[in-house]
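The following blocks contain the structures, represented as structure tokens.
Each of the two complexes below includes subunit A, the first together with subunit B, the second together with subunit C.
Moving on, here comes the complex of A and B:
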């Protein structure tokens, strides 16, 4: 795989997942969750440009085949997105402590994917995709 | 009230702008370069908020020729050329707007490398970029208070 392709993939993750996942979370001050903000957060997490954020993440950087999956920032973002994916019922119910926790996790996802994009700019792939012959 | 033109291939920027910026700007939206130009020619506009990647746009709506780009940059690889045009579409649209004489402040929500940012400013003047949907920072950039 071209290094430029890896950089492109990491940049796409930061743009298509990280930035949008945190779109609402970054703008909620003092826990004032209006219905508009809750709905927008739900779209950020579960209808992100037409798919769930976790789905978008795994489509752009699949665990089994993406060279990005070898980076710690990928794992951080993946685990946080798994958590966020499971929070859906409580978020839809408007449970404020969960909304707060989700917003914090969304910001961490954005940060991890920005760090991943930065790392991809300066380094080569760290491993071959799983299943690749030695 | 000041007017803001949002240019994107989806509705995420427009939704963000309507929720967080509408106290400061009247929001207009365009999803293609041709629509953005029509909007700008239709009345005064104070600032532009532009998405960078247009990966959901129809190929025929993109600025740039896929075939020519493939031959010029990618050894004939049409898929890579299409991805390239989609990935850089916001900048290509800005270039068209500047060429048509529209010099409004343009804000991207994207983390450009410093060298790229310098180049964008050299080519297109008032260009700003922010790494995230931070409404306070976006507002400062759009209003020139940064």
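Moving on, here comes the complex of A and C:
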């Protein structure tokens, strides 16, 4: 796979998942969780353009086939998204400590995906196209 | 009142609108809704999709509804069906959707070149190096970066754009019109204004060079000093140096200690009009001043440091003058010709005529004697005081929140067909003259109880008046000749018409022995004292004065 394709995949991941998942988490302050904000956070995590954040993540960088899956940042983001997925009942119940924890995790997902995009830019492996002499 | 910036959000989803409505309530928002007030107080907000624009078509709708948008917050990826995306030669639909924001940005640039845009993404997210590089040089695009969803970070970007804005918006008093060429010029002018290099403005006589320098470039430059203007074509060659650089006592007989225009403009801008007419010796001295920022008064040996931004204008092709040897090549190079601003003649921006006429009308009737006449008219019709004026191009308006001067389609066609050798100045004079004449006629109709349009807020401009004013001087000269008047051509039609009026009133004044009542009886129907007052007012407006001999005879 070309480096440019890997870069593009990592950028798409940072943009389509990292950026949107942390939208509410970035702006909320001092645990002021109004029902509107809870609703916004729930949509960031579980209704990201019609799919859950974890689903979008795995669609863009599947564990089995994506060259990004080997990077530690991918693993960090994946684990955090799994945790966030499991928090859904408590978040829907408006449990404030869980909301705080979820906001923190969402920010960490964003950070990890930005780091992944950065890493892809500087160190993505270059696979030569078929037929190219060694 | 200092209003906060007005934002327009363009996003296929509702994420940015939600963020703005939740965390950025200190701003005004352009929506596609016709209701007043902020969205967050609106009971219809839940589920409402009028809070922002979702694609390019809705963006155009919103901008048509709000001409005062300050900043557009534009998303990049638009997950929309192909028919809602802008036309593109890109075969990959996914790529089209992902970069639709850039296509919308290009669309915006064509229609609103100077509108500030915050692209809600970062260069890293985009991974399209060519486009990102192009964006970096776009003066009016700011990338929100990785903080695109951080309301405080976006707020700071808006504030930064807003801080630049007041200087640029000072150009609002200038007659820009609505054409694309002028929009580009506005953008270039406000950008180039911020540099400290000399600036060359090209354009035909009357195309608005001086106003561009004074009303747009100087205010946008941020310079605290004054704006001074010198018409170099009006200066005798032997006085150029004294006028520009000043003199010291004894430099020549009668010379006094006097600062020149460069010193007077210290810290500000010096507008040198008709620089193509500067004599050769003056060109040498100006070159020295531009090179070192130092000038030497006549009769003085030590130079003085000055901080002056030189704005030069000409209606002649300086490059040709350089080739012909009448203008110094080194001075031409110093005037920064690579960044020159070229004002198109009016005949090349005919679509701007209605907008320009509106501008001239509003300016003319804001204060002064024209405003007095308008107030007199409003009072006669029991209309509220302080009504603005507007331009109508056909039907009788239903609203009465302005006094409209109505030009028929035929009159507008005549204006479009005219060659406009005097450019904006000529259009200004034609517009205001016809409006004043029509207003005076309408006032007279009230007194004589003549039939009117029925709507006092609608004053039709007689087509024959337009046709008389925009006739060629030769044709009009024939008319004058038939009336036994000899008339020389003038620089503009307005000058020519004013000259006729001047001569006619002067002759009448002599014939009637200075009796304005008698003059009014000859000029206007009816014989009220108000007519005499009106003639006297016009007499004064034309700079004619009641002679001392008449006063003595009285």
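Basically, the second predicted complex is superposed on the first by the 124 of 134 C-alpha atoms of A that agree within 3 Å, B and C clash if a C-alpha of one lies under 4 Å from a C-alpha of the other, contacts with A are read in each partner's own complex, and residues count from 1 in each chain.
Convention: a residue touches a chain if its C-beta (ideal position, glycine included) is under 8 Å from a C-beta of that chain, and two chains touch if they have at least 3 such contacts.
Please read these numbers as outputs of a predicted model, since none were measured by experiment.
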item: Simultaneous placement of subunit C and subunit B on subunit A, clash or fit; value: clash
item: Partner chain(s) touched by A:23 [first = subunit B, second = subunit C, both, neither]; value: both
item: Touched partner set for A:40, first subunit B, second subunit C, both or neither; value: both
item: Touched partner set for A:7, first subunit B, second subunit C, both or neither; value: second
item: Partner chain in contact with A:54 - subunit B first, subunit C second, else both or neither; value: neither
item: Subunit B versus subunit C as contact partner of A:99, first or second or both or neither; value: neither
item: Contacts of A:121 with subunit B and subunit C, given as first, second, both or neither; value: both
item: Doubly contacted subunit A residues - partners subunit C and subunit B; value: 8, 11-12, 14-16, 19-20, 22-23, 26-27, 36-37, 40, 49, 114, 117, 121
item: Residues of subunit A defined as touching subunit C within the complex; value: 4, 7-8, 11-12, 14-16, 19-20, 22-23, 26-27, 36-37, 40, 49, 114, 117-118, 121
item: Partner subunit A, residues of subunit B touching it in the complex; value: 10, 12, 15-16, 19-20, 52-53, 55-56, 83, 87, 109-111, 113, 131-135
item: For the subunit A and subunit B complex, residues of the former touching the latter; value: 8, 11-12, 14-16, 19-20, 22-23, 26-27, 36-37, 40, 43, 49-50, 110, 114, 117, 121
item: Footprint of subunit A on subunit C - complex, ascending; value: 13, 15, 18-19, 22-23, 76-77, 79, 98, 121, 124-127, 146-152
